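Letters A, B and C name the chains as they come in the text, with residue numbers starting at 1 for each one.
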Amino acid sequence: MHRIRLTLSHLYATVFIVYLIAPLLVMAGAAFNDSKLPSIVPWKGWTTRWFAEMAADDRMMLAFVNTLWVAAAVAILSVIVGTASAILINSISGRVRTMIYGLMISTILIPGIVIGISTMLLWTKVGNTLDTDFFLFGAGLHLSVLGQVSYIAAMVMLLVLARLQSFDTGLEEAALDLGASHAQVMRRILLPHLYPAIGAGAAVAFFQSIENYNVTQFTRGGADTLTVYVFSKVRSGITPTINALAVIMISVTILAAILYELRRRRQERLMAAMAPPEE
Amino acid sequence: MSAGIDLENVCCDFGSFRAVDHANVSIQPGEFFSFLGPSGCGKTTILRMISGFIDPTQGSIRIGGKDMRGQRPNQRPTALIFQNLALFPLMPIWENISFGLEVRGVGKAERRAKAEELLKLVDLPGAADKMVSQLSGGQKQRVAIARALAVEPQVMLLDEPLSALDLKLRQHMRAELRAIQKRTGVTFIYITHDQGEALAMSDRVGVMSHGRIQQIANPRDIYNNPVNGFVASFVGENNIFTGDVGATADGIAAFSTPHGTFRARLGEKATGKGVKLYVRPEHTLISPAQPAENAIHGRVEEVSFEGNFIAIHAVTDSGMKMTAELRNDGSSAIPEVGAQVWMGFDATRAAILPDAETKG
Amino acid sequence: MQDLLRRYGAGLTTIICLLVFFWLAILVVIPNITLFESSFRPYLPVTEVGGPKDVYSFDNYLKVFGGEVEVSPLGFTFLIPVHVLTFFLTMWYSVVVTVLCFAIAYPMAYYMSKIANPRSVPTLVLLIFVPLWVSEVLRAFAWWIILAFKGPLNSLLLALGLIEAPVRWITDYDAVVIGLIYTYVLFMLFPVYNAISSLDTNQIEAAEDLGAPWWKIHWRIVLPHAKPGVASGSVMVFMLSAGSLLVPSILGSTTSQWFTQTINQWFNDALDWNTASAYAFLLLFLCTVFVALAMWAFKVKLSDIAK
């Protein structure tokens, strides 16, 4: 490849990364600007008061706690449902597989707004029909969880399915042949193989849930999640407390990314050190 | 502890395809028995039926005299060694070996001790805490054997376990497998498409083709007295003549072909016109002088040096290609390319055989 | 199913099937059927639900055609119902977002799979993932700050002397498109990256060796190979954009309206869930038809996308 084109492509990649990262830096920077409006211009001096105000914002803290509960519930349910679905898809074939698989994938593409409205409609309708006030059948974050699971499970399913495809079914037969029961095969052979994908799936589900707006907006009733709260703040009298929150979320994300990267590099070195002997 | 295995009229159909066709064989306790055949001949299907992963369409399988119908793989006294070994990559070696004990609820200390003991048996001490990815091909082989032995099976089933190894190691592992089998006394059923492997290790060999067992015999008989053309061709090379069977006396028949009339042993079921006569290259004589019987004249086309023997490729005056093999021990003169030679064979060393059985 | 039984036994198979049923039937199919059914019913006070007025009709759908406005694209002036206009503009700008996402993501995808040092790619991927992990609302908010009239972008451009007076970015659909591209470009990048990665580099070298210019290599070798990835990325970005509610709400101007905002108004402001259902169904149905038509036009099979 010509030198100029190589330089240009490196340049493009750099610009692309800057394009992705710069808005986050601007947003983070505004958290430290002593200005009532969230911005980095004009710079009115350093402050940490937005962090203090954020900590004092009870509604935001409540929304934060709600978000964690919802995300944890979504992650657990999605992992269970998604893993079961991947196992099912992996062991059926033909037209039934195409149909079920298509249905599963399509949930990712259904606009969140449709999921939100339909979930809300179904459960309130069941509640009305049964003429009950039981909490399950009214708006609330539990319906947000169900709505979110309906498409996040598909993402977990795809991750687990990809991992399943590298699974040697001979291992299951070998375990059965050695006298293992089906439950033992699942617990000792199949699930350990799937754990990396299940872990990744749980992480994806957790973060997807945190950032969900559409489904939550139509099912939450009066409860807030962070996304909904931030949104309402953006529309009505915004202060840089949101930026302070963003700084914390970005920091957590970057920290997690660094930890992941360090772990990956260590494993790479470990794998290199464990090469089998020559015969 | 070892058990015999009886297959009685066992058939297995996949849709309209009959993978195994009326298999009948009785394997003795403690025997090393091989199923030999090309890929698709049904040998792996037989193995999977014995281990319980496939149910026979008809017929019965008995292990130690007990009918195995309805017994799942984890209930049978068999242990299977998979072609790719199927070692559990996420468990250390000792857990791999003792997995069968773990699922039977054996305590950890006992399992560990058993694993160490078996590692000594397969000559791999000190590997207990390694991971599968740290072992070489031959070492993995031994671990797979140890894992199968750990559950004290009465029958070991081996599905071409050596096919992934290189030649030298494969030959070494043959001897090793045989030795382990003798030491443990467990019945071994071995699946292979490599006739050298089958002949070298087994007490008896069952040669298979198109779902049918063609011949069951000890390795020597399989090679020297094949019952049909398929067995003769699969376990070795041949010079083959097509012709008609004539007058027969004392089991030796006259056999007329376009290349001359020969005398050879008449196999069972080989009668009439258009049958074939088989002569092994090492039983084909070649010399400047005309032999007393079954003489064919020709010209040497190519001489190829194979190490322990020399292959002479010649064409008869009637236009047929023949191969003769001479031992590389200086006992016979090696003809030059282009030399006029006489070829021949001993009537008792050549056989007139029917084609393979395919249906029925 | 036989396979499942053989591998995991009756008990586990039952559990697996029940879980899948819970997902697909209870969380997906039945709610959508309910939505479809509700969309044909009138919005009534609770006491009248199931009463004589509760009959099926197309009234909710016909509301799309109420209230006409005058538009004059390309010099032709005509009247068009305002919700229909909103719908068309939503579609149109979603297509614009999709095309621009591809234009931005393709060179980067190619860079990552064929030019960058393979050892640094995992780090690169991780770096790119950071904005994806940060929530969508914050990403839109970041651009709300940047694009403000007195915000950093105008300050920067003024300081560089590229513009002489501040530009009003949050006007019409401009900021919405900018925000959607930033939010969804990674959904284009990764499928295309995966697709190009599976292309044997020898093919590119062979084409180069045969004297093909760089644009021809991309047009004839790389793009055809990457087509399934481009297709799934495009479907993803289009559906996400058309279905987005956050970005158009935060970055929209007084003159922009996204179809999802209309649905939101029916549902959360007018509390008319039935009309909201009808509109939501229209969005889902027409987007699906549009994607199907686009796939047909570009000769992409469904199986290419859903590997």
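Here, a contact is a pair of C-beta atoms (placed from the backbone, for glycine too) under 8 Å apart; a residue touches a chain by one contact, two chains touch by 3 or more.
Because the structure is a prediction, the values reported are computed rather than measured.
K.L.:
Which chains, if any, touch chain B and chain C both?
P.N.:
Both-contact set = A.
K.L.:
Of the other chains, whose C-alpha centre is the longest way from the centre of chain C?
P.N.:
Comparing chain centres, B lies farthest from chain C.
K.L.:
With contacts counted as defined, which of the two, A-C or A-B, has more C-beta pairs across the interface?
P.N.:
Between the two chain pairs, A-C has more contacting C-beta pairs.
K.L.:
Quick check on this structure: which chain has its C-alpha centroid closest to the centroid of all protein C-alpha atoms?
P.N.:
A
K.L.:
Nearest whole angstrom, what separates the Cα centre of chain B from the Cα centre of chain C?
P.N.:
Chain B and chain C have C-alpha centres separated by 61 Å.
K.L.:
Suppose each chain is reduced to the average of its Cα coordinates; what separation in Å results between chain A and chain C?
P.N.:
Those two chain centres are 18 Å apart.
K.L.:
Provide the C-alpha centroid distance between chain A and chain B, rounded to the nearest whole angstrom.
P.N.:
Here chain A and chain B have centroids separated by 56 Å.
K.L.:
In chain A, which residues are in touch with two or more of the other chains?
P.N.:
In chain A, 181 touch at least two other chains.
K.L.:
Residues touching two or more other chains, restricted to chain C: which are they?
P.N.:
Where chain C is concerned, no single residue meets two or more other chains.
K.L.:
Mind listing the chain A positions that touch chain B in their complex?
P.N.:
Chain A reaches chain B through residues 168, 170-171, 173-181, 184, 188-189, 192-193, 271, 274-279.
K.L.:
Applying the document's contact rule, which stretches of chain C touch chain A when the two form their complex?
P.N.:
Counting only chain C, the residues touching chain A are 1, 3-4, 7-9, 11-12, 15-17, 19-20, 22-24, 27-32, 34-35, 38, 46, 49, 104, 107-108, 111-112, 115-116, 122-124, 126-131, 133-146, 148, 150-152, 155, 182, 214, 235-236, 239, 242-246, 249-250, 260, 263-264, 267-268, 273, 276-277, 280-281, 283-284, 287, 302, 306.
K.L.:
For a test of understanding, state which residues of chain B touch chain A in their complex under the given definition.
P.N.:
51-53, 72-75, 78-80, 82, 84, 86-90, 99-100, 102-104, 131, 133-139, 147-148, 150-151, 166, 169
K.L.:
List the residues on chain A that touch chain C in their complex, please.
P.N.:
1, 5-6, 9-10, 12-13, 16-17, 19-21, 23-24, 26-27, 30, 38-41, 80-81, 84-85, 87-88, 91-92, 100-105, 107-115, 117-122, 125, 128, 146-147, 149-150, 153, 169, 172, 181-183, 185-186, 207, 210-211, 213-214, 217-218, 226-227, 230-231, 234-235, 242, 246, 249-250, 253-254, 256-257, 260-261, 264
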